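Below: one structure, written as structure tokens.
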Amino acid sequence: MAKEYWRWPEYRMTVGEKDWKSGKIITAGIDVGSVSSKTAIMVDGELYAFSLMRTGSNSPDSAQKTLNWALETTGIAQKDLHYIVGTGYGRINIPFANKAITEIACHARGANYVWGNTVRTVLDMGGQDCKAIKCDEKGKVTAFLMNDKCAAGTGRGMEVFSDLLAVPIEEVGELSFKVETEPQPVSSTCVVFAKSEALGLLRQGWPKEKVLAAYCSAMAHRVVTLLEKVGVEKDFVVTGGISKNVGVLKRVEKELKTTALPRNAKYDPQLAGAMGAALFAKALVEKERK
Amino acid sequence: MFEQMQNWYDKRHAYAKEWKKNHPGGKVLGCFCTYVPEELVYAAGVLPVRLLGSHEPQSVTEPHIFGMYCPFCRDVLAQGLQKRYDYLDGITISQSCLHIRQAYTSWQMHVPTGFSYYLPMPNCVQSPHALSYLKGEFLAFKNALEKWTGNEITDEKLRQATELVNTNRRLMRQVYDLRKQDNPPMTGLEAMYMVVSSQMTDKNDHSKLLEKILKELPGRKMDRQTGARLMIIGSEDDDTAFIKMVESVGATLVVDDHCTGTRQFWNETELKGDVLTSIAKRYIDRPACPSKDWPERRRLPHILKLAKDFNAKGAIIIQQKFCDPHELDIPAIIKDLKKNGIPSLFLEFDVTVPIGPFRTRVEAFLEMIGQDDLF
Amino acid sequence: MITAGIDLGSKTIKVVVMKDGKIIGKAIGLSGFDQREAAEGIFDQALKMAKVSRADIQSIMATGTGRKEVLAKGPISATGEVTEVTADAKGAVYFHPKARTVIDVGAEEGRGIKCDATGRVVDFATNEKCAAGAGTFTEAMARALEVKLEEFGKLSQQSTKTIPMNAQCTVFAESEVVTLVHANTPKADIARSVHDAIANRITSMLRRVGIEEEVVLIGGVAKNPGFVDALKRNLNMNITPLEEMDIAGATGAAIIAGEK
Amino acid sequence: MAGAKYPTEQLKCWNKAKEIRENYYKNYAQAHDKGGLRWAGGAWSLGAIPAGLGDDVYPITGEPYGASIAFNKEFSIRCMEAAESKGYARDLCSYMRSYWGSIILNEYAFGGPFPKPDFMWQDHICCSHAKWYQVASELEGGVPVFCIDAAAGPYDEVTENRINYLVNQMHDGIAWLEKTTGRKYSDEKLIEAVHNECDATSTWAEICALNKAVPAPLEEKSMYALYVLGTLMKHSKIVADFYRELLDEVKDRVKRGIAAVPNERCRVMSDTQPPWGFLKIFRYMERFGCVSIGSLYTFGLIGVWEVKPDGTWGPRTTPRQKGLKIENRDQALRILADWNLSKPEWQHFYSPKLKSEMMIRIAKEWKLDGILLHYNRGCEGLSLGIAENRLALQKAGYPVMTFEGNMGDEREFDEARTTARIDSFMETLGLKKLE
């Protein structure tokens, strides 16, 4: 089997320092996306543990796996969870979740948690969709837009490219800056066309990094168009898998002439949705207990 | 309560064939647009049926209509090419958008029926000259119908037909009025079945059922929560799967601005003086299709009034992909609704809609306009 | 007369050597990034099989998207070039004389060709922009379903269910697939739906040229039995996947090389 | 191998055409400096009517302006994206989006800010026409708009009732112009403009008819540069005079056997507008000895035609040629209405059959070997029924190649694929590249 360059690393961590048993409300947010599945475990609204893995071809399984993995070694059992909120594409099919909330609401809520209440615009770049979200100081969505057809498949598109160019997906972003001058973006962000265009460029003798630069900037441009339709207000943050790709992120910032708040070292931005879900779970528990 | 209407809609072809059996010599006329004057068609003893698509992927229209035209017009033509309307005796279109006109002209060429008539409905309905022009065209249409059917269309017959069509319009408005209640006794899906079926059944049958429904409807108890009250705005829309999805995630559609909805039946023909002129006036004054809403934007106040009267808390705006007339109105509608405190969600429709991605958008929209208790 | 046809596709390169209308050598290999270098090697393989030397070849005709590469100076100097459309039709009729409609579906492009008994093109259609990527789409979907590409077609044959899927844009169709996955739809049903969607688009394109029997299928996707079934269903007629589906274009080019 | 060689020559009035176009855009921008008025509207609007307001009333027509933008790829993309960011769909008419973008960015394609018109004067036959200026007016902060509904065809079914509808609107339009501009209206100037329009559009048809000659004296790429003057101000004396001059020159070319393409050995036509940024595809075809002699688009958008006694297509006889004296406003408007309703490019709105018939006629009389149809995503109006035209042309025995693109949005045109398609098509026509 050939090396799968698109495969990004899966991982889990326990970050909570105090004893979870002293917590009053223990919740989980499970984000089953089109490409990745994430679980955030929270104790009294503080991130305690999480996991991030690839979504399989069955969403209840994916949800269960990512939850189990997040709980692993923490000593928390599934039955100890007071409430579970599911989100992401697979949210409608997580049998053990108490409630489903969309990833749009969850990303806004999660961003508010990670970066604080000054966040007003969230850009979520996921596997299938891109979302430009505006929210208030509580992290409640006030407006949102999702990509149209021609810009679908953002994350998947990046996987296709990393495979095509035999560049490990985590290195795509950095590599795309190893060009002397920024090339014209590829004319299309459509995965199908971009791929055939890229092949043509390679045959013309373009180096990989230049092709990647052209693709990253095309993707950035498309995302910026979406953002401009909603209107970008500060503070601006980026979540989702592609947010880790500096090749896209920096080009988005450059075109918007705005910088996003820097990545909060404590939290993986791909987890924002799961964290938002876990926070909603907490709010729902509080509502029930009232 | 509305099962019969759903049945009519689902089995539209069986209904029309049955109608012909029960009306020996009766003709069925396929109509491509709701600007076709039903009064005239009924007066000729003909059953008008609105031609709609089937929401199934197909591969037969590609040689006839270039893919940049709206999926609806292709879906409609596909029905003809697949011989699903083989019982039609004629087809007609009134001038509206170019997209659907292609379905008509290709149908005319490749699925010939005995009678086909292009009715040049004025586009500038706001012009003071539109009325006399349309009256003249209605006269020509009337003559063509007479020649085709051999039935003379007298003023008396026109009056009777007007009453028949008006009654149906009036009854549907009465049903719509009940949707203004805090907990509407019906779903948007049921309303959709009602209006769409009225476009493909004999108004006599449809009104009879409506009268029965109107007796029971006010006391009807729904076994569902109303949830968020939404309005739906857009082009042709008989996408029941989409409506069902919206109403399954915590919302109820309470009113619409669709040509498969209120635009078709909202106003009545007022018989005053010359009958044909009265009927023409009705079509000039009806809630406009965007292709005819210029130079002034009269749709905006109309839509806003519907939203207020029906207490809509948000609006879903849908558009057939590539539909230019709607695309040219939507930014103004979104802006106007927003200015008046009504948030909206815009979605682009195709023959089949991707329920999953749309569900996410709709749910997020509902979360946005509600769920304050989680913060 | 000894001639050669060389077909430079985006993924693979095919070479056919013919002597007086008979194939005496053939070779297939990957294009890679340096098509010209790859072409050299594959060409030599075919010559080896044909037991002839470069000097014996009287005429070489190049086809395929990369044909300009070969025409540009290089050890293999083609006598001329011909488009895939013309070469495909010629080759298909050579292998299957009754063929009047040729379908060629590759990774990114699809085309339908109507031809006469001599293999001359009467009309053709290639897919429009937004209906591209049949091969790419199947690959991505197989990955999403965690099924090996080779098994994806077979899997679809296990289903009898029709799930309508938007046939136009493959990328957006992908999110419909994701939705189906999350709604616990059996993999076989999804696989069938994917194949139906592609077949629908190909059929749409074919109807433009008008379909005349017999219909033959060439190109990479022809190897996928699920796709062949879906296409038969959609067209409601018999379709013959050519056994020599890979080398039809190269063969056509070799024949044309002899004609000139 | 190579076909017969014909002599070629550059057109003598080329520079003049260029100058007329440059002055047109300059005059529009500078109109106010001279105390004049500016109006904006479509290339099909009945420009002869505002001509009655005076000689210092300068138009800008939206379609050719949109096409001008398309030639500047960088500006074009910025314009379209500006329109998109305001929420206007990407699949709308690309001229319209470019035009709006130019307003939104407040940049004029010919330098400086976008000159705001004093009024908008449009007519409506495709779904976008009236709405184009409805939106433009909104973007400009409320410029008065008058729009005449001209969708009262097809010509072979025109009745008194339909003509009246148009003429009544025109009368209203004149009253509106007087009220909006505060100027007194001159019927004399109207009558002169109507004559000019009839003369210019008939002469253009005559020029196109000369392309029946083998070798063709003109090829389509040049025709685009010439027909465009008609889209700017078909009612003006400048254009009528220029077309007369051009007619003489083309007649002379035919007489002397001057060809547009030296190796002409295959004649084709195209249809709908081309992707403006990629006119080189026509040059590419010439490498095969293939000349595009025009299109129903270039012939019939500005040319007005009639069937001559011998059954062939030729220029429509003008009121002047008939010796008709236009006495009053109503008569002038009736002639204008009738003349415009007979425009070939207005017929296919009602049925593709009408367009197919005209195209087959061109194919026969202009001796064509094949036809290229541009499935133009940028123009809903002219792409209407194009797939049916293709079927009809094929049925009539003409090979047809289609290619997808957009007249004004280069993001939707794939040059490499189109060239590949042309290669295949040329092969089916039995043509090889001439080296």
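We just call them A, B, C and D in the order they show up, numbering each chain from 1.
Basically, a residue touches a chain if its C-beta (ideal position, glycine included) is under 8 Å from a C-beta of that chain, and two chains touch if they have at least 3 such contacts.
Here the structure is a predicted model, which is why all the values come from computation and not from measurement.
Q: What is the minimum number of touch steps required to go from chain B to chain D?
A: 1
Q: For the chain pair with the highest number of C-beta contact pairs, give its two chain identifiers.
A: Comparing chain pairs, contacts are most numerous for B-D.
Q: Looking at C-alpha means, what's the farthest chain from chain C?
A: Chain B.
Q: Which integer distance in Å separates the CA centroid of chain B from that of chain C?
A: The mean C-alpha positions of chain B and chain C differ by 45 Å.
Q: Determine the centre-to-centre distance between chain A and chain D, using the mean Cα coordinates as centres, and give it in whole Å.
A: Inter-chain centre distance comes to 50 Å.
Q: Would you kindly tell me how far, in whole Å, the mean C-alpha position of chain D lies from that of chain C?
A: Each chain reduced to its C-alpha mean, chain C and chain D end up 41 Å apart.
Q: Using the touch rule from the top of the page, what residues of chain A touch 2 or more other chains?
A: In chain A, residues 89, 92, 128-129, 148-150 touch at least two other chains, as defined above.
Q: Where in chain C do residues touch two or more of the other chains?
A: In chain C, the residues touching two or more other chains are 128-129, 172, 175, 178-179, 182-183, 208.
Q: Touching two or more other chains, which residues of chain B qualify?
A: 62-63, 356-357, 359
Q: Chain contact graph: line, ring, star, complete or other?
A: complete
Q: What residues of chain C sit close enough to touch chain A in their complex?
A: 10, 33, 35, 66, 69, 108, 129, 132-133, 136-137, 140, 144-147, 169-172, 174-175, 178-179, 181-184, 187
Q: Could you pull out which chain A residues touch chain D in their complex?
A: 148, 150, 187-188, 200, 225, 228-229
Q: Enumerate the contact residues on chain B facing chain A in the complex.
A: Spelled out, the residues of chain B in touch with chain A are 343, 348, 356-357, 359-361, 363-364, 367-368, 371-375.
Q: Which residues of chain B touch chain D once you look at their complex with the stated criterion?
A: So the residues of chain B in touch with chain D come to 62-66, 68-69, 95, 97-99, 101-102, 105-106, 108-109, 118, 120, 122-124, 127-130, 132-133, 136-137, 140, 290-291, 294-295, 297, 321-322, 324-325, 327-332, 334.
Q: Tell me, which parts of chain C touch chain B in their complex?
A: 128, 130-131, 164-168, 172, 175-176, 178-180, 182-183, 196-197, 200-201, 203-205, 207-208, 210, 234
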